[in-house]
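Here chain A shows up in two complexes: once beside chain B, once beside chain C.
Coming up: the complex of A and B.
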């Protein structure tokens, strides 16, 4: 709007600047602490200007927490979850939009309801399943009497077991189902004109070919948006990796942060090494923040379109 | 309605099967297990689970520790939601004026969304630390003024600030998008009628943002109930003396530290019902009633 409001403009800049400051100050203090030595952090009055120890601290934190391995693991987790979500969501949405069967809406709701209950609220039983991912099937076999039947026929006791603890599969698989992604694809697929489907059919393309050659190229923007928000989501996963992984060689960076500072409530942890902890925090923050800054357009679009 | 379909329904089955299988194993099965555990009690020395009806819930609801946890969670939910949404709303309204530096401000207000909860927790634990950094100086000047390690209210305040800080960006993104979807012609018509910037905010933009506002209200409250684990675990570990033991953290503590599966499951069920109620409320009332088009 073109109007002269010099005073209000100053007020606007002031408000935005104060807001920005409030969001930036924690980052600045974290950064400053990461550039000082332990003595400089504890000195009174506190030092508010950065020192010259940044790379020393990062290097120290890096080797001490074995971040090389943990960054690789975090990337494997994030890549696995993002790829899985993008593919599974596209397949499910394709299956319920482009086929005329009675289960379309029930399946959609079955997937959509999962949105209501995030992992955190059903964490204990989900962990129990991860310890043996085949429990549900074993239970079904037992309940229906099938396992006794099999034991009677073949003489082999049915005992299904697939332990997912301390494995990449265990980290990735439970996070891969996606109601929001399925919803996003479904909304997009519903806008695909019938003529395109008919044209493809006339050219003799089957459903799989139609999905790969027409729908996937058309939904590039969707994929970018979904991948961006899901990368941030999976990189920042904390509770699930914390439980599933006890072997440090599968540890991810977000969980490693928790080990940087000894627990204040437990005894014998020693003094927190804040300069190293803040250096670690800083390097763990960087990848998702960069993704959000450089992919801002896709990120915002993905967020708004999925309504979360 | 669509009229062109593919005929081979078995391909459709193959397409939806993987996701259905995963949500069956990792969603529906655990949820049913939680319900089963909530109504049974594991026998000592093995011997399976015994049906106890609502006993687990009765025990929980007469436990003052549980009610403390509920109280803290509600305070946390209300405080973080109010703080984050209030700030986001003001910032979005002014950022939307798109003065010089708009793009810079926008990036600056969005990036915190990308920071992992444990990183937020750790940063704030350092910043609010009573014995190092900024707050140690305050304690040096006024001894005993700030002590989140011993004082429960201080610790809760700290968790709320960290939680709100993390939530601002999310609400900001949605408010800004809502503002930008207001037709320019409306704004121009208002300006023609002689209403200034602030007047337009109050009489035009705010009413038109009502659906977004209520959507964010529900999402923020839900998130504060479910998504607070990482912050609590790195910032206070639920302490001191359970002053920041939010419901989601208590489930983890009781389930994995206390190995009380039945108690944790009963708490899970209550939290699930709460989240479902909020979601239902949103779909039933908010999405339907408050709609301007």
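Coming up: the complex of A and C.
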């Protein structure tokens, strides 16, 4: 299609440019602030040109927040969530799409409902469960009178307990248990022609083989997308780690960054150390940005090699 | 060795009955073509043989063994799909060799067999390509290769040529037939293209709305269609049908449109007064000046290159005459036709079933009776 609309072109480019500005200005301010000294940052009017203190500030922020440990924790959290999610979601969607069984629709709706209940909404019950992951089972046993039966037969009081607070498991599991990934896979699996499934069946591939040798390779762009989204999502988790972790050795970067941001608690009434907070922000931003840049190449490759 | 016995096989999706109790015996090494219009249940039948669709009732036995509850992979069938269904993420070689890989056959043997199959199908140059980088015809060959490599007892084809252009279709048709002969397998081929069906088949199965209408060789189906449906389905251009009644002498038909046509006197069950449909193939209606026993009101001409179709009307029915005649009549002119009694097919007016000759005449004899 050939279009000659010079005015429209200018307008669209203007809009794009404004959007770019809105994105870049805060980033630029963060960067400049991270390069200044304490005095420079407090001066009025604010200084807009970068200083030379970047590495000093970064080193200071790094040690003060114990980022060595926190980065490890955040990586464990993020990779745990990504792996768990990619696998669990693939298997759930596989079960929902390719098997015709009676529980198919109920399971589908259960998964669907969790879409409406993100972690933030159900954070209190989730916390209660994390405090003792076996609570639901205990409740079932109690309600059905089974625990009394067991106590009566064996004399052992049934008391199930599995505490997930202050553990990687507790950090990761609730973030894995959401429906977004399942839906991404489901939509993709639904586009796979029946003939392909049947061809694999005729070739003798069972369900597990079909999942591993056909579905996984076919959904690699989906996996890359999901992994990227989930990595950034879990890297940026704040509320859940804040609740479930009290032991600083399990702390994650986002929460720690919160501690760097000046408020009356952290400065104890002293001067707000914005240069350190911004230096910390810069460091914390790096991994998600790298992941996005790296994974983007993957998307593009997936898009160019369109397999018909 | 693999014959397929289909006994009273039916398929229902919920309450809708799609295939109604089909009986069919397919012989070892036979090339069977299942022919029928869209939605008549051809694919469903084929997929029940393959094991991709559960059988609602009845029994399918391959090689004497009932396979109702046997998984597709254990039935010894290979299938070629309409849209080829190649694995898009695998190379041609991997596609062809996949069944062997699943079966746990060693890499060396696999490679060797892939090479053989690829050479047979003339696709050796593309082994490293992905299906997305192949043309339609090449993909078709890969799909065939994937089916061939397992050396199956039974080949199942579900309209594998319908996505190819006309020329390629003719070529692949011949190759499929050649392969069938070489591989000594039993082939079941589904299509709705009667030319394809007639050139490929040892025997044809004509299906209509979930029933088998007739089973037989192309020649049998053409010369002695068992029902009005088959008569109209087999042959191109299609058979002309006229309504009428058996005359009192039992030896002729009085058409609704007026004229009386003599019929083969050996046709039994032709009770005088019975309502019948008569079928006349366009190529059997000969234009003639004198001795005409039927006249057609001429409408327009269709040029075929090797002949012409004169379209017209007899009473309220369309009527086509195929002829090499070069002189087109004027619009609305009456064309005189001579119809040989032996070329008139008689079908029961209500059930559409063919009224058979009394003595069942051997096909060779039937042909001898007909004027050249």
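The rule is short, and it goes like this: the second predicted complex is superposed on the first by the 265 of 308 C-alpha atoms of A that agree within 3 Å, B and C clash if a C-alpha of one lies under 4 Å from a C-alpha of the other, contacts with A are read in each partner's own complex, and residues count from 1 in each chain.
Basically, a contact is a pair of C-beta atoms (placed from the backbone, for glycine too) under 8 Å apart; a residue touches a chain by one contact, two chains touch by 3 or more.
Everything numeric here is computed off the predicted structure, so don't read it as measured data.
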Which partner reaches more residues of chain A (counting touched residues only), chain B or chain C: B
Partner chain in contact with A:217 - chain B first, chain C second, else both or neither: second
Which of chain B and chain C A:254 touches, first, second, both or neither: first
Touching partner for A:155 - first (chain B), second (chain C), both, neither: neither
Partner chain in contact with A:204 - chain B first, chain C second, else both or neither: second
Shared chain A surface residues [contacts with chain B and with chain C]: 195, 198, 201, 307-308
List of chain C residues in touch with chain A within their complex: 47, 50-52, 72-73, 77-79, 81-89, 98-99, 102-103, 130-132, 146
Complex contact set, residues of chain B against chain A: 2-6, 8-9, 11-16, 18-20, 22-27, 29-31, 33-34, 37, 87, 90-91, 94-95, 97, 99, 101, 105-120, 122-127, 129, 131-134, 136-137, 140, 149, 165, 168-170, 173-174, 177, 187-188, 191, 196-198, 215, 219, 226-227, 229-230, 233-234, 237, 239-240, 248, 251-252, 255-256, 261, 264-265, 268, 271-272, 275-276, 279
Residues on chain A engaged by chain C in the complex (per definition of touch): 193, 195-196, 198-205, 209, 214, 217-218, 305-308
Interfacial residue positions of chain A with respect to chain B in the complex: 1, 3, 5, 8-9, 12-13, 15-16, 19-20, 22-24, 26-27, 29-30, 33, 41-42, 44-46, 48, 88-89, 91-92, 94-101, 107, 110-111, 114-118, 120-130, 133, 135-136, 173-174, 176-178, 182, 190, 194-195, 197-198, 201, 206-208, 210, 232, 235-236, 238-239, 242-243, 254-255, 257-258, 260-261, 263-265, 272, 274, 277-278, 281, 284-285, 288-289, 291-293, 296, 299-300, 303-304, 307-308
